[in-house]
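Presented sequentially are two complexes of chain A, the first with chain B as partner and the second with chain C.
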Partner chain A sequence: MAEEHGARAMFVAGGTDLFPKLKRRQFEVETLIGLDFLPRVIRNGSTECAIDAGVTLATAAHDSHLQAGFTGYAQAAGLVSSPPLRNAGTIGGNLCVDTRCNYYDMTYEWRKAAGFCIKKDGDICLVAPSSPRCWAVSSSDTAPMAIALDGVVGLAGPEGDRELPVSALYRDDGIEYMAKRPAEVLTGLRLRKSANTRSAYVKLRRRGSIDFPIAGAAVAMELDGESVIGCRIVLSAVASYPLEAAAAEKFLKGKRLDQETIREAAELAAKPAKPLDNADLSHFWRKRMVRVVVEQAIQRVSDQRAGFGG
Partner chain B sequence: MKVVGKPLAKVDAAAKVTGRAIYADDMLPARTLHCRILRSPHPHARIVSIDTSAARRIPGVVAVITGSDLPVKFGILPVTQDERALEHEKVRYVGDPIAAVAATEEEIAAAACDAIAVEYEVLEPVMSIEAALAIPKDERIQDYGGPNNIHKFVSLEFGDVDGGFARADNVREDVFFFQGNTHLPMEQHSAVATYIDGRVTLWSSTQVVHYVHRALAKVLELPMNRIRVIGAAHGGGFGGKTDPFAHEIIVAKLAMLTGRPVKCTLTREEVFYAHRGRHPVLMWIKTGVTADGRISAMHFRSALDGGAYGSYGVASTFYTGALQTVTYDIPAYRFEGCRVFTNKPPCGPKRGHGTPQPRFALELHLEKLAHDLGLDPVELKRRNFVKPNTRTVNWLRVTSCGLEECTDRVIKASAFHQRKRFFGRGMGFAISSYLSGAGTAIYWNDMPHSEVQIKVDRGGVTAFCGAMDIGQGSDSVLATIVAEELGLQPADIRLVTADTDTTPIDLGSYSSRVTFMAGNAALEAARKMRALLVEAVAAKTGAEASAIDVSEARVGDCSFEEASVLAEARFGTLTTAGSYTPPKIAGPYKGSGVGPSPAYSYSACVVDLDADARTGLIHVNKIWIAHDVGRAINPLLVEGQVEGSVYMGLGEALMEEQVFRKGLHKWPSMLEYKSPTFLDMPEVETFIVETNDPEGPYGAKEAGQGPLLPVPPALCSAVYDALGVWIDEIPVSPEKVTEALRRKEKGEPPRYGPPRFPSIPYPEAIKVQPPPKDFDAAAATI
Partner chain C sequence: MKNEITRDVERVVLALDVNGEARQLLVAVHKTLLEVLREDLQLTGTKHGCELGECGTCTVLIDGRPELSCLSLPIQLQGRAITTVEGMASGSELHPLQTAFAELGAAQCGYCTPGILLSARALLEENARPSRDEIREALAGNLCRCTGYTKILQAIELAAERMR
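Showing the complex of A and B:
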């Protein structure tokens, strides 16, 4: 059905992002294909957890197995938006959530007054007018954490089912931000870890609720006592895709987690982050805060290891 | 007292929480047409042409109107009638209304608006105070006022200011900026109009049915008796529904043209454009103090960014200079105010109208002065507190005043002077005052400001009053006062309010006037009714009138119902009326009409917070606030108003800002315009202080606005206490804090705020002789 309707149709699960966007005419489609019929189950294993795409963010956040074994993921799901929206919004929806920009996430009338942007109805990027591309920001809280936890998504499409690592699901483009084919449905997420993996997610936003991230750090770390065996650090809301901090990951490997190491790793992780003036607060401040959220996330992982709790 | 002073539920509580209350947007009379408004996409432009032909051809479109259909100008203040319901010559901000469509569906109306072709000649927008003071590149925004885009000057001097500075031992100057913000009521503006038998009826979410009534009569060119304005159930105003609005006039006009009911509910984005919110104000303040910490003179300058139209702006300008003297005894005072036009939605009254900005500046300035002198800021302020029953240097009459007690309560409860001092944790203190109703009406007239009629009929009591309950609980206050006098419960009183056909006048829910003014009118009407009932029972039973007790639904030995039958038999139809006219207390100078109030409320506040030096993020731990309300007619409602004010004040202090980018409102949405959530709201400990005002009903004063005022300065004082940096600009966003800390580290002044106050060509000050010190002697001179 999706193939038949092409760009005139969209999938809808929770609809928490989609419906307001229809109203603001950011999305203009004739057909919505509901995904309510898909299963909504969490299947737990000791080193793997499979979550159906239709599981709500609230369910994922409150799942005791996820909280214990995939702590950062449960935290990220629990920090999306507000309680009513987490009750409706799904984990699949949050992985696919549209990129954001405060020149784009406005009503039709506002965008018309501002001059339409490249992401919808226009031909320039209002944040970086000299750039040929769209700089809308990846604003999923759970996507960076899914990458850090070695996640794999299941995709079902007219050409059959396939699996794709979450890290390969996104593209560095504000418009074509997903590698998923338009007619493919994201059916589930598998998170994977070793027995000694700890994870944490730290989100920066102006208020205690509702807001999308303006910076975020997802950290998953495999630890052997004091030292780091392996580590993934993925940033949210500082690029058009979840940005993996490879230099910091490499730096941490084999290191002991002391204050100095954490600080240095955070410094390295923050370097590639390039926030622009298209989200809340100034981008200079946001850039400086990336270091802080990464440090806090690593610190939390370190605290879990020491038994301080999440 | 049986019901006054009791924490009873609001009379409309069940209707509100069960969804039974009918808001304007709930109304859908048969054959209703939906209206949408085409608004300007340009901040400043001349309209060359408007072509509505394509819109008219869309099936479902019933009527399209433009500015030529509604050419008569209106505005809330008689001196600034500068608005049109629809502009056809020039637009002055993004969102200025140009055309309106009535259609069978709202979506059709929106599509029709999109199909209207407007040709513009774009003009250079003026987007800041500095730009408005300069010579305009193209042309002025409005064709009155001046020079350049200056709208209004005020320049007043009371007492010997130069002499006061000359005898000061310490003089300090500071510059502050208070960013603009908006009301953000939960309910968007909404209005429904019908036109039946040559009469217009408008239901609207408004705070002021009377002023809307006047504007409709003027623009529609109909006599007032052919227009009826009814206040629908209200989802919050905070000052944002105190002007007559374009959409109210538009739906009335469309109803007249189509003969069908027409409804317009603004979108959230449009509410940001309707605005009339807090003026951004740049302020300069200079104060002299003697060695003993007494103020010898003060000079205050303000520059208000008014947006594109007048609205309440002239009054707002006066208010930025009026109430400084109501909390501190200032023997000599010069005030220079200036409002400019910019190409933004018009600013107007928001909770505290024109006074939170100067209060922010004044409190922080005195805090800094105290640090200069090595004095405890609380002590410095205390030494200068006004005393009850005095006249200020600018002739304002202070009667009851609970400043001392409010201060004592919060300082003691917060253990302010015993607080532990460490980096990152801080406490701040501030005080404030506000009006219990403006002493003068918006348009000059000698009529009462509020009137109440009571009808008693076979035991049923109905009170009629024009006052509009905007959620603050004015209906409950009226019912409580009438019930108290007649020995009944508030729930026994039927209320008919805010309907220009059936209720006598009340000027509306603004300037914190309703409890004081409508309350006094209700009290007079209820006491007259009580006298009739008592007299009838006395005649029947032979008891002394003075011995007849009226309480517990009984009048002496009779039930209330029996008493009402006796009284009706004796006097005929039982109706009484009461009215309230404020005392004539304004000083003998031009401009003295803004500031006088029959009574002032007082507040004191302490904020306790953690400030993170690394991120600049602030976490407010707790707020203590004491409010002198004179007398709490319902302490539950007073606490609600105080806590709501604290919430709103915190939002302004920490995050809310109406800002613009490339001529457009940067974020006209509830997601992007940040206002605190439940999770951002700290614990609030509220103290109600009762000073029993001699003129308030049962001693009551205002509670709805004043408690907002001390919150922003107390928060900034606490930030200084925590981190040693001054944030002289609201809101205190984290980036400002980190920047101030960076400056401190580099050895620069540890401050974030406006660097200077612009040069403004204020006119020569009008010199006003201060009143005699003696309270009664001062009264005698007016």
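Showing the complex of A and C:
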């Protein structure tokens, strides 16, 4: 059906991202294809966990196995938007959530008055007018954590079923931000880790609830006592895709987790983040805060290792 | 202009369970639950705020859990139990939350009240003895511009106590 309707149709799961955007005419479609038929089960194992795309964020956040074994993922799901939105919003919808920009997430009338931009109806970028591309910001809280926990998504489409690592699901482009084909439905997410992996997600936003992230750090670390065997650090809301901090990951490998190491790793992780002036609060401040959220997330992982919970 | 075309409106017959009553109605398929409740069912207790998921005043319960009626399509809610603020009292007897809100002045302009009452009701059904932080978390999607929240928190605590 999605293939037959092409660009005139869109999928809808919880509708919590899509409906506000339809109201603001950021999307203009004739047909909505409801995904209510998607299963909603979480299958937990010790080193792998499979979550159906239709599972709500509230269910994922409250799942005690996820909280214990895939802590950062449950935290990220629980930090999306607000409680009533998490009761409707799904984990599949959160992985597909549209990129955001202050010049785009506005009413039709506002955009018309300000001048349309390339992402919808216009031909220039209002944030970086000399740039040929769109810099809208990847704003999913769970996508970075799914990458850090070595996630793989299931996709089902007219050409058959396939699996794709979450790290390959996104593109560095504010408009064509997903590598999934438009007619493909995301059916589920598998997270994988070793027995000694600990994870944490730290989110920065203006208020303690409702708001999208303006910076976020997803950290998953495999630990042997005090030393780091392997580590993934992925940032939210600092680029058009979830940004992996490869230099910091490499730096941490084999190191002991002490204050100095954590500080240096956070410094390295923040380097590639280049927030632009198209999200909430000042982008200079956001840039400075990336280091802080990474440091906090690594610290939380370190505290879990010491048995402080988290 | 491309953005201003008018389209034929498709209508559908829907069977909805609202406050325990089976309702059948013919509505435009694109109408939100908020619009259907207020315009087609005359249940105007559910308030219309930002329409974008940001304020929570349109909160209703779907199968007992708070969701936003401004971002729900009734066609996706057939077979599910919808509860609005009109469904809180039993007959002429107010729900203990409603009584506590009135007694303590937890409503000033009252615009946020229906949504907050429903979020609070869902919380108390799951947790009879919530801490103040748990109440705050449960209300984290409902904005109030008048009360400063303290009276709301106190009223929920009072109602919880009376309901135990």
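Operating definition for what follows: the second predicted complex is superposed on the first by the 310 of 310 C-alpha atoms of A that agree within 3 Å, B and C clash if a C-alpha of one lies under 4 Å from a C-alpha of the other, contacts with A are read in each partner's own complex, and residues count from 1 in each chain.
Throughout what follows, a contact is a pair of C-beta atoms (placed from the backbone, for glycine too) under 8 Å apart; a residue touches a chain by one contact, two chains touch by 3 or more.
All values derive from a computational prediction rather than experimental measurement.
Legend: residue contacts after superposition of the two complexes on their common chain; A:T16 is shown touching chain C, with no touch to chain B.
Within the superposed three-chain model, A:N87 lies in touch with chain C and out of touch with chain B [touch as defined at top].
Contact with neither chain B nor chain C is seen for A:E226 once the two complexes are overlaid on the shared chain. In the superposed model, A:G208 lies in contact with both chain B and chain C. Once the two complexes are laid over each other on the shared chain, residue contacts for A:D280 go to chain B alone; chain C is not touched. When both complexes are overlaid on chain A, the residue A:V292 reaches chain B alone and has no touch with chain C. The residues of chain A shared by its contacts with chain B and with chain C are 82, 208-210. Listing the residues of chain C that touch chain A in their complex gives 3, 7, 32, 51-54, 56, 59, 62, 65-68, 70-73, 75-76, 119, 137-142. Across the complex, chain A is touched by residues 39-42, 94, 267, 269, 614-616, 655, 662, 664-669, 671-672, 674, 676-680, 733-735, 738 of chain B.
Those residues of chain A lying in contact with chain B across their complex are 82, 102, 105-107, 109-110, 112-114, 206-211, 280-282, 284-285, 288-289, 292. Across the complex, chain C is touched by residues 12, 15-16, 19-20, 23-25, 28, 30, 32, 34, 36, 58, 81-85, 87-88, 108, 121, 208-210 of chain A.
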